[in-house]
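Reading through the structure tokens given below for one structure.
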Amino acid sequence: MKNKNKILNTALLGLSLVSLSTALVAAEQDPIKVGVMLPFSGVYGGLGEATRNGLKMALQEHAADLQGRTIEFIEMDTEAKPSRAPEIANSLLNKSHADFIIGPVHSGVAMGMIKVLKGKDTIMIIPNAGVNAATGPLCAPNIFRTSFSAWQPSYPMGKVALEKGFKKVVTLSWNYGFGQESLDAFEESFTSGGGEIVKKMLVPFPKTEFQSYLSEIGSIQPDAVFVFFAGGGAVKFVKDYDAMGLKGKIPLLGAGFLTEGTLEAQGDSAEGILTTLHYADPLKNEENQTFRRDYADKFGKPSDLYAVQGYDTGLMIASAVKALNGDISDQKALIHALENTKVKSPRGDFTFSKAHNPIQNIYLRRVENGENQVVKLAASALEDPARGCSM
Amino acid sequence: MENNVILETEGLCKYWGGLKALDDLSLAFHDNQLHGIVGPNGAGKSTLLNMLCGHYKPTSGKILHRGESISSIKPYEFARRGIGRSFQKTNIYSNSTCLENCSVAVQRLMGGSFNFFRSRYSQKMLDEIATQALEKVGLGQRRDHIASQISYGEQRQLEIAMVLATSPEVLLLDEPMAGMGHEESQLIIDLLSRLKKEYCIVLVEHDMDAIFELSDQLTVMVDGQHLVTGSVDEVRDDPRVKEAYLGQGDEVY
Amino acid sequence: MLLNKRAERLFVWIFFPLALLMPMFLEQNEYYVNKLTTIMILSIFVMSLDYLVGKCGLITLGHAMFYGLGGYIFVMIAPEYEAVNFWIYTFYICAISATVAFVIGFLVLRTNGIYMIMITLAFAQMTFYYFSDSIDFGGTDGVFVYVKPETSIFGLSLFDLDNPTHFYYLCLLSLFNTLLFFKVLIRSRFGRLVDAIHANPGRTVALGYNIFIYRLVSYVVASALGAYAGYLFTLQYGFVNPSMLSWTTSGTALVMSILGGMGSIYGAILGTLVYEGLHYSLEHLTEHWLLFMGGLIILMVMVFKKGIAGFLEDLLEKRDGK
Amino acid sequence: MDSTLFIVQLINGLQYGLLLFLIASGLTLVFGVMGILNLAHGSMFMVGAYLAWYFVQQTGSFAFSAVISAVIALLIGFIVERTLIRQLYRRNHLDQVLLTIGMIFVFNALQGLLWGNDPLGVDVPQALSASIPLAGIIEYPVYRIFVAVFCVVVAGVMYYVISKTRLGMLIRAGESNREMVECLGIDISRLYTIVFAIGVMLSAVAGVVAAPISSIVPGMGEHILITCFVVVVIGGMGSIKGAFIGALMVGLVDTFASVLVPELSSMMIYIFMAFILLLKPQGLFSS
């Protein structure tokens, strides 16, 4: 049933794109080529699909802003394999001569892409991968990010933890770049306010056998636990945390990914978890309400964070094309236009920092009835410190 | 003239779990003699041969080569000491030419096995020695034939040629005539009677006519145990042998 | 003769001249030059595996370990912001990975068959996790190589590694040399032993050879070449990542090798070309390319046992027969 | 580590080890009897978990889902053996490796097609959803204990079947001597079909019982597969007893390594395996 819907939707999407392009066939200029480098298979497949949907939706909605130019999508499956990333990026750059290259989800893939695309004649926009370095030491004029740096969602949680009166906290994450950067960001704000990290645990990626770590947390009995997990690992961790009897006894805090796209699978176990993120599904602003309604209508399933990030990427492209009256041949002008975009995003308006990372609000959310309800604004217009970026 | 003892066993035993495949065997094998070994199935003949060439390690007891214990050395070192063997089932490089089969054997003595660059086909001397080995067993004309395409009897001959090509002093032959027709067997018998003048040969064989014809010394084994050793006539007349064979009833001579 | 099969001669005479001219047609499109370069690097890797599996009969599911090591050793020993000499580092990398292969081979080659498959896999996983968990080498995100080596010999610099076409020719040269090396090796007296041990290990022991040593030498040589391929791959885009070491890399290389024709050495190039070509076209045709790729692999194992090289050889022989 | 925590970790290790045994037993059984190395074994674990999820969605009953998933797995095993594996008996391990790699690709692609790529979860069945207090604030989920007991029962049943029944006799005979079984007038190919299907079912059942305590994600099979390899290699390929001991060892080593030497924890089981193989190149209980 679900599948039928999916196929139907894909077909509908295809149809609407066709009609879109025929409507504009009169335009004389070449289409704007948008290379899409996302995982469409494997663990991150769902994220890739949502991002692509959001991206296409934005560009369709703002077709009028494109000054008569059409969009040609070139989609490549990264399989979330970093070792293939340079080759695919290279193909979009040199074979397809893409004007924009959108991707990826996975930080390792991002590193491989940046290596190839940095300083080249294309614009790379990262719609998810949070590796700090992308807008840190590796920042470049032609690299933008519409999502977040690993630092951003976790940093405000340190302050929240202190406000709640937690003094001793255990931190836990998968042992990879993004996880560590998240823990570091939390630690930075938490310890500077007088908190203490009693233990930092790193779980080998992608291991999901958490029993021994949970047992240790149970024996340490800290005031709270801060974790970074995403996807399948997040589902497993939250359920195990509950099953080991820790839920309700030791508050669980996390970077928002802990409860993004996973709530249904986590069920009741997720209730009460506090997370910080630059978005929350139930945000009350008008853009978000419209976006969620339209997305659900269009694709037959609810939108999520990744769809929003893809959507914002589309908005950003559309607004830059509009600002330049459709002529994006001058890279300097294009970069200038992109830098000065103010994105009217479902997450709330945001602008770009010098390092091309969003300056955005971070919300404190709490899981209630299977939804991430916004508790308050944890940080407003938070800018990544962009350490190591010399732009 | 008394020939030198080349290979000896002292109280050799081999147990497989609780099963005694070979029990307390002490034998001596002499230079320039053919030592036949017979016995009913399961008597431990093949086990003995496999131990003499180092394929199996003895459970207890010793193997002596020229008075030196070699029970604990590695299998390939047996061959390096000049103890060569042929197998019960044909065991050759069947996709290579007969010459190549022997060349592998010759190369061990000629050296150069760690030479990455020099072509294996570029040395005349190696070819000559290998060809000689083939000629010795009467396979001179088969030199460039693929081993799998020559007749079964010839393959058995080739196997002996390979052993000869290693320049051994002991030949351990495991039923070289098994599965052969009468004429082919006769070829091998002729060959062995020539070879035994130069080598110490240990022959395990079911063909009684052949073994009586060839053996200088003959050992009869039953159930992993030594029954009798002596000249062909001594063995033939020994009542224990008759009893053993009649008792078993499956070997008639 | 060095190339003793007709199909082999035909292939070499067509492939290398064509590959030599290829960049002229593709000059305007850097992508294809880069793609072909990657294929040639992979071919070197697959060739070294083909030698091990097809020629020596040592089935390993951990060859990617050396592919990855080639890259990581470079990252470990080369200074970060200084151009080193390519040839000297080629030597270092081959020597270090050969040493590693010597130690590991010592353990691995005590076993055989299924156990060897498993143990090589285990060692590869060990290294994979080591680099995945290591913060110094970027963990799962991998590391960049910021400065590419220079290639001067006695002051004469032939290749500029930042230029894709130059790099292409370097890889083509490496591929040709690897093919030549293996062909000479197989024809040599050492090669005679390799053939003998593969065809009949028991017999070879009975002839007085210590087959362990020969296998070990083969393992060390193939591993060093695998590492060299990994080193080239790292230099191509200046990027190392643990996924180079993953068991799927080993598995895919095995598939390429058998597709090309196990043990034929030159088949490694064919197998890599065809596999990558199929992957490329299926990926562009359908989102479910994995399904077709899997189906093709199954089909290949069932009915196409001898691989492309075997198929070509049969074809040419049949024609000769007529 | 104090003694209570030590005991908790011991339980964790044993429980994990028992689950590993359940997955590895099918792998080692198929290898022992048929000489087939099935790399797609992990995929069947994944299929089991997805089937469990699907049927729990449809029917709401975990027990029913478990049974029907097991039956489907048995069918899959039957079909795969009859169409593909059958061709491989006289081939070498390399062909088996390649064929089963191809099968992994296909299963992964089908999973993407049928169920998508989002992480899924199955709720712990109501009757087993409680937790019992263990030490301090730590509680131990009843379901995990159930899984452990279930695995022990499966081990017991396997022991009984193999050592006491006619099928077991044939399996043992098939392990040591294929010709002998044929001489007894037994249709060996039927025996092989049965054994392969059972192997597949064991893996899928492991996926089913693990579903409520794992996240159901693409690629879950490959990760577990490699761990199972370690188990059967340590235990000795083809030995069920070895798989049992090996699984418990791996479970314990992995659990304690993650507490005592966290930096090396992901490598530890491989180091342990290399160490065992240094002492016994064929594993602990090889036949």
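Should a chain be cited, it is by its letter among A, B, C and D, assigned in written order, with residues numbered from 1 in that chain.
Everything that follows uses one rule, which is that contacts are C-beta pairs under 8 Å (C-beta built on N, C-alpha and C of every residue); 3 or more make two chains touch, one makes a residue touch a chain.
Chains and their UniProt names: B = Amino acid/amide ABC transporter ATP-binding protein 1, HAAT family.
Since this is a predicted model, take the numbers as computed values, not measurements.
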Between subunit C and subunit D, the fewest touch steps amount to 1
If chain centres are mean C-alpha positions, then the most distant from subunit C is chain B
Taking mean C-alpha coords per chain and comparing to the overall C-alpha mean, nearest is chain C
Per the C-alpha centroid definition, the whole-Å distance linking subunit A and subunit D comes out as 36
Dist(centroid_CA(subunit A), centroid_CA(subunit B)) in Å evaluates to 75
Here the gap between subunit B and subunit C, centre to centre from mean Cα coordinates and rounded to Å, is 43
Touching two or more other chains in subunit D are residues 108-109, 112-113, 266
Contacts with two or more other chains occur in subunit A at residues 41, 202, 204
By the touch definition above, subunit B meets two or more other chains at residues none
Chains touch in the following pairs A-C, A-D, B-C, C-D
Given the complex, residues on subunit A that touch subunit D span 2-3, 6, 41-46, 49, 201-204, 206-209, 211-216, 218-219, 221, 231-236, 239-240, 243-246, 249-250, 261-262, 264-267
Residue positions on subunit C within touch of subunit B in the complex are 184-185, 187-193, 195-196, 199-200, 202-211, 214, 217
In their shared complex, subunit A is touched by residues of subunit C numbered 29-32, 34-35, 38, 129, 132-133, 135, 138-142, 144, 233, 236-239, 241-244, 249, 283, 287, 289-290
Contacts from subunit C onto subunit D in the complex sit at residues 53, 59, 61, 107, 110-111, 113-115, 117-119, 121-123, 125-126, 129-130, 132-133, 247-248, 251, 254-255, 258, 262, 288, 290-291, 293-298, 300-302, 305
Within their complex, subunit A touches subunit C through residues 40-41, 76-77, 81-83, 85-87, 90-91, 93-95, 107-108, 110-112, 115-116, 131, 138, 175-178, 180, 202, 204-205
